[in-house]
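What follows is subunit A paired twice: with subunit B in the first complex and subunit C in the second.
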Partner chain A sequence: MVKVYVNDKEVEVGEGSYIIDAVIKAGYSVPTLCFFKGIYREASCRICIVELGNGRLVPACAYPVSEGLRVYTNTERVRRNRRVILELILASHKIKCQSCPRKGGFCQLLDLAREYGVEGIPVCAECPLHGNECLLVRGEPCLGPITIAGCGSPCTREGTICIGCRGPITRRDVLVEAARLYKEHKIPLEEVFSKMKLFWNNHPSLDKIYNILLETYNGGEKK
Partner chain B sequence: MTWTLMDKCCNRCWHSPEYPCRHYIRCRLSGPLCHEDVECRVRRSRRLKEIRYGRHGFKINVPLASCTIAAGAHEVYEAVVKEVKSRGILADIHRTGCMGMCYIDPWIELSKKGMPSAIYANVKPSDVPRIIKEYLEGDVSSAFALRNRTGNAKGEDKVPLLDELEPWRNQVRWVSRNCGIVDPESIEEYIALGGYRGLDRALNMRPEEVIEEIRKSGLRGRGGAGFPTWLKWKIAREQPGDVKYIIMNADEGDPGAFMNRLLAESDPHRVLEGMIIAAYAIGASKGFIFVRAEKPLMAERLSKAVEQARKYGLLGDNILGRGFSFDVEVILSAGAFVCGEETALIAAIEGRTRPRQRPPYPATRGLWGKPTIINNVETLAHVATIMAEGWEKFAKYGTEKTKGTKMFCVTGSVKRTGAYEVPVGTTIEKLVVEIAGGPPEGRKIKAVQIGGPSGGCVPASLLSTPIDYETLQKAGAIMGSGGIVVIDDHSCMVDVAKFFTSFTVAESCGKCFPCRIGMKILYDILEKITNGEGSEEDLEVLEELGNVIRSSSLCALGGTAPNPVLSTLRYFKDEYLAHVRSKRCPAKVCTKLVEYWINPDKCTGCGTCARNCPSKAISGELGKPHVIDKSKCIHCGQCYIVCPVGAVEKR
Partner chain C sequence: MSYLELSERIDKVFGHLELRLSLRNGSVDAKFRVVHDMRLIEAVIEGRKVDEAPIIASRICGACSIAHFLASITAIENALGVELPDDIILLKESMNKIQVAQNNVVHLFFLALPDYYNARTLSELLSRNPDLIKVGFKLNNLCLQVVELLAGRIVNPNTYRIGGFTKKPSKDKVEKAVRILGEAEKLAREVVDHVTRLELPELVDPSPVYLVSESPIGYLSIGDYILSSTGEKFRAVDYPKYISEEVVDYSNSKVYRYNGRVFYVGSRARVLEYGERLVGLEDYVSSIVKELNNPYANIKAKALEILATIMDVKEKLDELKDRDLRLRTEYTIRSGEGVGVLEAPRGLLIHHYRVDSEGRVVYANIITPTAMNALHIEHSAMTLGKKIVEGELDVVEAKKYLSMLVRAYDPCLPCAVHVVVKQ
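Then we have the complex of A and B:
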């Protein structure tokens, strides 16, 4: 048995086990994405990084324990690194939450993004969790596809449209996807714009959002 | 076939790879040891003299390594052969390796009994008849340098001695001692110059004593990280199990670093000898040489060295009758930069592609799950030399924490490009300015990039930093494999950072997210800044992202990849700010931020610029000064390049 200190809490784990085993045994948790016990232990997503006593950042899933190892799972540095890594993952992730098969509520990425306060995921990703019917299908100009998620979609749960109180997403691919949705459900963009003015009138990138939406909305017809 | 030192002198000599003799190496030079025969002794000493001075008392050295061949050494070699034949003189035309002074490539060295041995620089094939004629007439006045003085050649006092030349005088040629002297494809010459003595000595010691000897010498891995070599060996030695491996990392990929190629091409037997000693010390039974396929001559020479060593019983079963068996296989790498990282290297040999998380370190669990030692070419060459010369001579050089010498390749904006071996702790200034000659006239050193694409930029104000693992780390760079790129004031630091980042973006294996996605975003931001679309927030993002990539990447490639960006941000923040604030490039390199205009005083009105302008932004009558229309200009810089009188200026 090897003695390990997780967040200064002493815990004993078997030899040859990894930090993640000790962390779980100590009652803490570490987020993981690529790790799958017994099948995949390659440490490629780096979301499970923890800080060692000597200040090094190592992945908990693939770093073997040694006697007297000190592990800190939730320091400021760890959280900052995790947040940046999440941003990186989302930067190359196609956010099409409306058509993602995981929208039933077990998207780890979405959970993590909410926990670490990463922007870039639209309200539409959370809305179906509560079994709501999509308001866009009803033809209402909901701002869900272009508003930052994290509120838990209380408005749509009550059957009213999202009015974008959490601010707009400025990512191009999200906006393109949103414009495609609006077009699919034949919602005129002018109505969406008028809703946007309510909270976002002074937003610096409002023109950019307008342009991207308009471009895709009108440009799509040609194809 | 002429009789060589490696052959039996008479039938009483019984050594063969199947029945090895303990005294084989010593016997070659001071033999025969097993029997007394004047004839055999005379035969050996005569052959030794032949190797040193040539069979006919006239020796012509032509360097044939990748670098000199690129400069035209093959043509020079052919011209020498032709000239010697047509003159009907008796001369040994001797192929050697490169001596590391790239700026005089291709050189030839003529040495005749009673004459000083003269080196001629930048030889063209058409010069060869003149050089040989002059030399045979006793005139050395057109030589570049002399190895020695005899006083009976014409013009001798005008030519400097090689030892007096700046780039040579300040060097300590420890591992590179044979480079440019010995024939890399001949084991006989290497042994005649004292080779394989270190192996002979090591095999007489216990493996623990060999490790102790290396510990006393203070040798640290020359591949970049500077891990103590003896400690690595000790860990591997103490691992249970009888199957262990040793791998020579000859996968040199840094742009601007070529010391491993130079060593392995010019003196492959020294490297191989070091490898056999290391294998003996850790108890390895099988070794692999991992060579870049893009360096075919290096692979060829190493394979030849392995073949020769096997032929004379220096590899194989029961080496030199000491009961130690070891064999080597040469493996060609596919040429990915990441394969220089040890776990990726192991994966490449196993047939996979990517690095893995350490620990377990290869010294405990490496190739096919067995303890594996991976040493750099230069480290192994050091091992061979230390075992031959003793640790005291090695530990004499260097600093307190790092002993010995290190080879550095100085490239970029310097007068004397080349690979130079200096003691560790030499200041950057001495290496770059004294040895390599500094930048060309009229330019100033702005920064020195040390350690290749994963190293950092050290600004000119820190040139007095001694080169050492610790001090460089403090300055924000790493020693790396020892590539030094000198950047002068005509370069833009943002552009330099972008260049190195583009290299690591292309070479990232893509396994871990910070390196794969982060480096791409880093590159995109740099591109944005050089295009004049950056903002001050971008600089903060660069710094934060760089730090995250550095601390959370999987392997050393990602762990060091943001170094060029972070170090330039640290020392050249004003240049970044000039790019994002006033949208100007102070060094006038980033074409999008440079405004081109035609100086009417210089313009002759030839119209070349107008014809070459892709956006038809230049107008004017023939014979009269032309004008650039700023609204149409796309900043391609074409007019600047083509203008025959230099009238197009940047501002």
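Then we have the complex of A and C:
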């Protein structure tokens, strides 16, 4: 048996086990996405990083324990780095929520983004969970694709458009995807802009959002 | 008599206000100073699309967002000439009514009642009279649940857009609402029994003129006319001819006069005008109607309204739950002018918009009940002041009665501050 300290709490785990086993035994948790016990232990998503006593950040799912190892699961540094990792994962994710097989079920990525306050998941991600009809399809200037999720989409749930009260997403990839959606459903951008001014009139990135939407809407995707 | 000035910052009201009463050589003057910051919502609405105006208007007030939302949307529907089917009107009115009930509960229990038990705060009253306040909390909660079922959420409704409701309320939802209202009705009866027996400070309404929005059927329904206690009835669009507004230098709220007279809007006016229509509540109405020339009696009228609206909404919802509802109608954008009047929890509310041919609001005017009541509150306070001059009241008592008086009107200051001083 090996003695490990998780957040200064002493636990004993069998030799050859990994940090994640010790963490769970100590009663704490770390978020995981790619890890699947006994099947996948390649640490490719890195979301399970923890901080060691010597200040190193290591993935909990693939780092073996050693005698006297000190592990911290929830320091400020860990949370900051998890945030960056989430943003990186989301960078290649775009707005896929409408066609995601998890549609109608729960989404760990969405939960994590909400927990860590990562902007980049639009209201659209939560909207189909309530079995709503897409308002864009009806030709209404819904701000769902460019508004930060986390509200539980109360407006679209009742059949009114999202008016963006939670704030805009400023990430380029999301905006490009959103502009394509607006174009696909033939929604005039002026109407979208008009709605954007309801809550985002003084947002520092408003011009940037405008330009990205306009660029994509008018010229297709920029090479 | 020497100079005396009472300046009271009134607590337990929505927002910030100061009541200044000065007595000098036997003359009495009162100033209702709204010190809440200006909000200028009208200026924000001007230049927006018609469908955005109600969204902004509902943000005027967190307590009565539904009233502002509905008044705004009614004004725009009138401007665009939208003809609504009866089902929509019925549900729309139910939304307003249940919100009146909920607001009245909040006002009664959490703002007004502590005065009548010599408690300074709600928590003091809670420790002294827990059963009573628990009824208030329970009733508030039940009303909010129904608000949520009808309006989508507790503040800033999102089930209604120009031309009707976005979704049909499911049968489950309506049945749930009816069940909740049944429970609320029992509690409301207790409340009315209790409040109508309270003893009020004596005061005679100094200016017994009131305005109330027309209610074509029943109680608190939405009409196109404004009625006055002098027997006059005028179209809502003609309100500028009858109601004059004035900017005063001491307050951030405008003051209004009806045909040059100080007037009152609110629950008292509603019960006086439509009290006889409250079926099944005749005993209560007749027991309080004699007292209704006393501004303090507003709380009794409000208590009665809680029960009346809950019963009304329950009946209406029960009736429509098995019907196939037509809840959407088409409309086209055109230029026009429209006024929406309805009875908000605190009284008559007027929203007035002018729309251009592209569907933009080019002119907006919002007159809130508190602003209309400002002068009436001053006059009532002056009557109290005269009592001090005549020696019927001592100063310490007067201070207490002054704050009770203002709270009886239930002013909402964030709603009232829409002043623009034109240079």
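As a convention for this text, the second predicted complex is superposed on the first by the 212 of 223 C-alpha atoms of A that agree within 3 Å, B and C clash if a C-alpha of one lies under 4 Å from a C-alpha of the other, contacts with A are read in each partner's own complex, and residues count from 1 in each chain.
In this text, contacts are C-beta pairs under 8 Å (C-beta built on N, C-alpha and C of every residue); 3 or more make two chains touch, one makes a residue touch a chain.
Model, not experiment: these values are computed from the prediction.
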Does the subunit A-based superposition show subunit B and subunit C clashing or fitting? fit
Per the contact definition in the header, classify A:160: touching subunit B only (first), subunit C only (second), both, or neither. second
Angle at subunit A, subunit B to subunit C, CA centres, as a multiple of 10°? 150
Touch test for A:151: subunit B only (first), subunit C only (second), both, or neither? neither
Of subunit B and subunit C, the chain that contacts the larger number of subunit A residues: B
Applying the document's definition of touch, where does A:206 land relative to subunit B and subunit C: first, second, both, or neither? neither
If we overlay the two complexes on their shared chain A, which of subunit B and subunit C does A:92 touch? Say first, second, both or neither. first
Where does A:52 make contact in the superposed view: on subunit B (first), on subunit C (second), on both, or on neither? neither
After the superposition, what is the least C-alpha distance between subunit B and subunit C in whole angstrom? 33
Can you pull the subunit A residues that subunit B and subunit C both touch? none
Subunit B partner, complex, touching residues on subunit A are 42-46, 49, 57, 59, 62-64, 77, 80-81, 84-85, 88-89, 91-92
Residues of subunit B defined as touching subunit A within the complex: 356-357, 359-360, 511-514, 517-518, 521, 544-545, 548, 551-554
In the complex with subunit A, residue positions of subunit C that touch it: 48-49, 52, 55-56, 152-153, 158-159, 161, 166-167
With touch defined as at the start, can you tell me which subunit A residues reach subunit C in the complex? 154-155, 157-160, 163, 194-195, 198
